[in-house]
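Shared between the two complexes below is chain A, which pairs with chain B and chain C, respectively.
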Partner chain A sequence: MSRLPKQPGERINRARTVRFTFDGKPVDGLAGDTIASALYVEGQRTFSRSFKYHRRRGLLCCAGQCPNCLVAVDGAPGVRACTEPLREGMRVEHLNASPSLERDLMAVTDAVGGPFTPPGFYYKTFIRPRRLWPLYEKVLRNAAGLGRLREKQDEREWRSEYRRRHADVLVIGGGLAGLRAALAAAEAGEDVVLADEGAEPGGRALADGRHDEARALAARAAGAGVEILSSAPALGCFDGLVAVWQGTTLHQIRARRLIFATGAIEQPLVFAGNDLPGVMLSGAVRRLISLYAVAPGTRAVVAATSDRGLEVAEALRAARVEVVAVADLRAGWTVLEAQGRKQVRAVVLGAIDGSAERRIECDLLVVSGGFAPATSLVAQAGGRTAYDARRGHFALADLPDGVEAVGAVAGEGATAPEAVPPAVSGAQRGKCFACICEDVTAKDIHLSVDEGYDSIELSKRYTTTTMGPCQGRMCQLPAVRLMAQETGQDLQSVGTTTARPPWSTVPLGALAGPTYEPAKRSAIHARHRELGARVQWAGDWRRAYDYGDPQAEALAVHESAGLIDVSTLGKLIVRGPDAAEFLDRLYPNRFSNLKPGRIRYGVLTSDAGRIMDDGTICRLDDESFYVTTTSSGAGAVEQWFAWWLADWGMRVTLTDVTQGLAAVNLAGPRAREIMGRLSELDCSNEAFAYLDGKRAAVAGVPSLILRIGFVGEVGYEIHFPAAYGHHVWDAILEAGAEHGIRPFGLEPQRILRLQKMHILVGQDTDSESTPFGAAMPWIVKLDKDEDFIGKWALEHAAEHPSETALVGFAMPDGDVPTEGAAVLDERGEPVGQVTSARHSRQLGQVIGMAWVPSPLAADGATITISDERRRLSASVLTKPFYDPEGEVLRS
Partner chain B sequence: MTAFEFLEVSGDAIARSPMERQALAAGARFEVRDGWNVAVSYPANGSLTWTDMSHLRKVEVHGTHDLTPGLAAKANGSWRCPITRDRMLVLGASDADGIDVTCSLAALAICGPQAREVFARFCALDLREREMPVGGFRPGSVARTPGYVLREDDDRFLMLFGWALGEYMWTVVSDAAAPFGGVAGA
Partner chain C sequence: MSYLLTCPNCGTREVTDFAYGGEVSRRPRERPSRRELGAYNYFRRNVAGVQREWWYHRSGCRAWFVAERDTRDNRVLWTALPDEAKAMQ
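And now, the complex of A and B:
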């Protein structure tokens, strides 16, 4: 088929040929063509196979609305051929047909499958026998869907962007009304964005002879500063944010004013064979002719309900297409059936009162069932619709503040009388599709109502009408009409389904956006990588898990010295005249009597007396404290402090220095000597005792040094500006080299702390754990004069001993129980659980911690652990496995 | 040693930015300035650049101030940036009295006519001139992490964010700037 002579306003460039392939065969189109227009010129009439019955489908809307022309482009499925611009070398393939588009084996479902595939058939079949489900699943998965994703992961990945845009005005829809609204706002000095789903702004004016006006208006708008986003459908409105998808970018637009110029959507008619290739909407015909100079057929019949629909007859005649009949519903005629095997060969028109019929041979049936305002996005923005009986569609009835509608969506320009089409005509002649996306027929809706799905929302879920790629554009109104007919209700009572995003089809990758994960890394992180550390996530930090041999790393801490990066600890500066009282109110123990230069352990409890976090508190001077928290609890503790500070209004300031200070823990019997080489401090036990905090230079870097012992050996936790991370780390390793110092990671630290039975909040405790249950009654000072958070609950807990207690357990070397394994009573019933367990090379046994019934919380008691299919016996300890009296720590 | 000296970059050693390795990979040449190893040049030039400003001194000052919410004030080359009615951040002042948070907040300056478009790729703050004039200072989410943005000049935005996020943020900014021809700059 050749092109029509030059059409005024055509989009193609006749001087430039674009070559592409369709199902492997080379095809030549013109620059400016869409895939569909180029294929149509070459005689292609079937563009896809339908979802369920695998019926042939041809061009219907040519506006990116319907599912009929979905193809795969360069392996990516779900592309609409009617709007996708042609590109040189693009590889286009059909979807949902095998072995070929022409010969599709699954088309047998259309011939014989009808009785077996009523609505909801997948809820009723493929159920028994249950053992065959794996087979059914395979068959169903193979049959379902409209395309195949590319198999290799790297071929599936593509770069997508988020772009946030603020504006005074966002206009959605680039037809004449949208362009005028955008221009007016821009000329009034407002910052305006216009998002239009078309490749070129102008909307239907581009195809109905007003292209010059549309293009001039678009140029003026752009000149006035309107940012025009083309090929950019709005996906949905989300509490003031409008998502707009354009190519590889998801625009997230917030505007003070939203102007919807989304136009009206031409509706199909529901009759027998209404999905046959060759049945086209009038707008599609006009676009093919005007924009791409393509004659849509040779002999045409037009069936319409309005003057606008009938205007296509003139366009057809101008394109030298013979118009052999016109059925005007207002004159009492409509179409009953489209006939043909591969495409329309004839149509049967009928008088609406059934008094006459007429069969006419043709290759094109142009239908127009009226124009329904595209209200879905407006509804998502808070607009309300009501049924307009005169026009036979749902129209906008109410708009919230800041939301406007212009053009056809607002009912502007709809003055000519329209006829309301019947819900279905020619129903006895064959399948009449209400929803072409999901292959739902008028009969299916009848059956669903018979089964009790008699509301439009239920019917939607049961039949899946409006859930396909058109998102209700083509099927909402027909389905509502059918539902009204079946239930005897009026259309206002039936109502519409809830408008939900996405309004346009969008790849999931577009919503996922860029894949960067905010990862915190300590200032020493690069050194860990250089040392071969295994790096793992720990909360939102990347941490060195170990350096290859966690047991050996743990042993080095006992035998010489180890160095671990603990920069991830939360760190807060609490300052002010009321700082001590503030901490006294927050913690169950006292800090007002802590002397400057001394450190105390603190467990933070909630109002309910449950353990929230723990850490150390060092008093720097009378009015200043340095508080550390767990790594994962830093943010929550800072917020907790800030919350109570705001409530109490005390003279205290908080500064979070978590990321500002790097921190390392130097621990082991040689730690003191190493510290001595790095600092001028007197590190003797007398001068720098356990739980002392001192400020001094370490390797020339001003530092705060805390003598604490989480890992059970003499240890110095050194906190210093993060900018010196590498320097201090390197200096300590260098100074300790002759002493056999070794870096150790998170895993050996866990072994070491377990030997000391130091808890990990969140692992050994849960949201119900109190300090009493966690074997730390000594930390609760109920005799404090002042009230503190959780005091009331802890007083109650003190009077009602916990039924379970956290204890240590030891087992002969061998199997390490899984964390979370159950502790059983003598009847084999679960009564507790293992929270931590490790093999300790230092101790030559397996050790752990577990919650057990209080009567079993006694040294030497035996517990049974059920771990998968194993039963393990362990003995209870209530004191640390290593250095139970803390002599090593204090030495 | 003073009470909070352990927070300050004041030692004999060389202080380093959390993005030093990324700058090095981008071809930076470094010089030690005021105790910091600072990138002073890069091999590529462009109209859109991002510059590591982590060495900028930052001090958190508590107490009431006379600043307007959302607007920083510049005097003697330093910015006073309001966070709350009784808390502000002072940038670039050697004599500011407060808690030194230089190493708590890393910093990148994004400069050029396309700077706002780069921000739009990872930040939802409204940085248009009328909402964010020169001196505008906004706390908010920057690349899904808490941060601040200060408009230092028409086409120059300073972004402050957690020190530990330096490597992440460099990656995000360089990725966002790449389609606009952005390059690391000194």
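And now, the complex of A and C:
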């Protein structure tokens, strides 16, 4: 088939051919074509198979509204062929038909299934025997549907981006009314965004002869500063924020004024065979002719309720399509049936009073059942609609402040008298579809009312009318009309279903796309890479998990020295006249009596007495404290401190230096010698004792050195400006080289701390753990006079001994139980769980920590651990496995 | 849910810039009974109407402030730093 002569407003570029494939066959289209226009010109009439009955469906709206032309493009289903621009090499395939679009075996459901497949048939028919449901489900899911998602996708094909846009005015809809409103606002000096779903602004005017006006207006609006978003459908209104999807960007637009210019949607008519390929809305016909120079048929019949019928008949004649008859409802004629197997071959027209009938052969039936204002988005923004009996549709009745409507959605421009079509005509002649998305017939709605689903909201959920890809664009009004007819109510009483987002099709990836949190890397990260570290995620951080041999790295800490990057620790400076009192109020233990230059361990509890975080606190001077937190808790602790500070209004300032300072822990029997070589400090045990904090230069870099022992050996945690990360790291490794120093990662650190039974908050504790249960009763100073966060709950907890306790356990070298494995009582019932477990080469044992019933929290008690099918026996320890009295640490 | 909040330091921002800190409640001054403590820790008034609540400007100045908001329509009546908020009745 060839194109029509050049049309004045055509969008195609006849000089440029675009080649693509449809179901494997190569097809040539023109630049500017959509998939549908290029296929239609090549004679394709069937574009899809319907949801339930697998009936042939062809182009109906050509405006991206109905479900009939859904195809898969390059493997991604759910693309509307009628609006998707043609791209060179695109691979287009049909959906929901097998083996082919032309020969679809499931079409048998159309011939035999009608009486057996009423609404909800799958609940009624496929329930017995119950054990076969999985099979039924599989069959039903294969039979129905709108294509198949790829099971596997090798790589990310696109990323969605979120864009926030604040404007004075947002205009939704780029037809003439929307363009005029946008232009007026921009000329008045307002910041205006216009979102339009079309490939170019202009809407209906592009196809009805007013293309020059539309294009000139769009150019003026752009010139006046309107930001025009094309191919950008609005998805929904959410409390004043409008989500607009464009390509790969989700615009979140907020404007003082929302102007809805969403237009009106041409409605189909409900009659027998109204879904046959060749039945087309008048707007679709105009678009095919005007934009793509495609003749929609050769011999046409028109059935309409307004002047649109005569207008489209004119346009058809101009395109040299023979118009055999126009059935104008205002003159008492309508269409009863479309006949044909693969496409329309003839139509039966009838007088509305039943007095006459006429069968006419044709290959195109153009219908126009009036226009329904596209009020859905306005309703989401708070607008109300009411039934307009004269026009036969629901029109806007009430708008909230800041919301305006212009153009066809506001009822402007619809002055010609219209006739309201009957709910259904020719019902006894065949299937009359009210909802083409979900294959719901007029009869189905009749049946559902019979069954008691007599409100529009119930009927929607039972029949799924309005729930398909068109989201009610094509079926809301017909369904309401049928409902009114069946229940004997007027349309206002029947009402419409609630308008909900999404109004337009949106890929799930647009909504489920990740929120991007930047990865955090320590200032020393590059060195870890160079040293061959295995890098893993730890919260937001990228951390060195190990450098190849975690057990050997842990042993090096015991035998010589190790160095670990602990820059991820949260670091807060708490300063001010009230700083000591502030910490006394936040922690269950005391800090006001901590001497400057000394360090104390602290556990933060909530007011429910639960452990929130832990860390060390070093008093720098009378009014300053250096607080470290867990790596993952840094943000939460700062937020927690700031919250209480805001409430209490104390003379304290908080400074988060987590990112500003790097930190490394140098630990092991040779750590003291290495420290001595790097600083001027007297590192003897007398001068620099366990839990001392000193400020000194390390490798020339001003540092805070904390003598603490998370890993169980003499250790120095060195905090210094992050910019010197590489320098200090290199200097320590160099100074320690002759002592056999090794860098160690997160995993060996976990082995080492487990040997010392140092808990990891969140790993060994959960949101129910108190310091008493976690075997740290010594940290709670209930004799503190002052109130502190968690005091009351901890007082209660002290009076009511915990039923479970956190203990260590050891077992012979061998299987390591999974973290999370159950602890069983003598009857085999689960009574606790393993929180940490590791093999320790130093101890030659498997060690771990577990929550057990309090009676078992005694040295030497035996517990049974159930891990999958294994039963493991372990003995309980309440003191650290390594250096239980801390002699090594203090040496 | 989507609306704007005005941080007393930074100005008006999308609500997603902030962390919600829950309704402003009164911490018991004296040792509470178990029931009172339970109510303070675990029960919220959850009003349908105007409530005073804490907000934290997580993606901004990291300050806590107080807002009065109508939970039915997310209309924010005012926001203020805690000192100023205490004066507002």
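Throughout what follows, the second predicted complex is superposed on the first by the 766 of 891 C-alpha atoms of A that agree within 3 Å, B and C clash if a C-alpha of one lies under 4 Å from a C-alpha of the other, contacts with A are read in each partner's own complex, and residues count from 1 in each chain.
Please note the rule applied: a residue touches a chain if its C-beta (ideal position, glycine included) is under 8 Å from a C-beta of that chain, and two chains touch if they have at least 3 such contacts.
Bear in mind the structure is a predicted one, so any value in this text is a computation, not a measurement.
In the superposed pair of complexes, A:532 makes contact with neither chain B nor chain C.
When both complexes are overlaid on chain A, the residue A:796 reaches chain C alone and has no touch with chain B. Taking chain A as the reference, the larger set of touched residues comes from B, when chain B and chain C are compared. Of the two partner chains placed by superposition, only chain B is touched by A:726; chain C is not. Touch criterion met: A:639 reaches chain C, while chain B stays clear of it. Legend: residue contacts after superposition of the two complexes on their common chain; A:518 is shown touching chain B, with no touch to chain C. After overlaying the two complexes on the shared chain, residue contacts for A:164 are found with chain B and with chain C alike.
Residue contacts after overlaying the shared chain place A:812 against neither chain B nor chain C. Residue overlap on chain A between the chain B contacts of one complex and the chain C contacts of the other covers 164, 252, 254, 656. Taken together, the chain C residues at the contact with chain A in this complex read 1-4, 14, 19, 21, 27-28, 31-32, 34, 37, 40-42, 54, 56, 58, 62-65, 74, 81-83.
On the side of chain A, the complex with chain B involves touching residues 161-166, 191, 252, 254, 514, 516-523, 525-526, 541, 567, 573, 575, 620-621, 624, 653, 655-661, 695-697, 699-704, 719-728. Chain A meets chain C in the complex at residues 164, 238-241, 252, 254, 606-608, 638-639, 642-643, 646-647, 649, 656, 792-793, 795-796. By the touch criterion stated above, chain B contacts chain A in their complex at residues 1, 3-18, 21, 36, 54, 60, 62, 87, 99, 101-105, 117, 120-126, 128, 130-131, 143-145, 162-168, 171-172, 175, 179.
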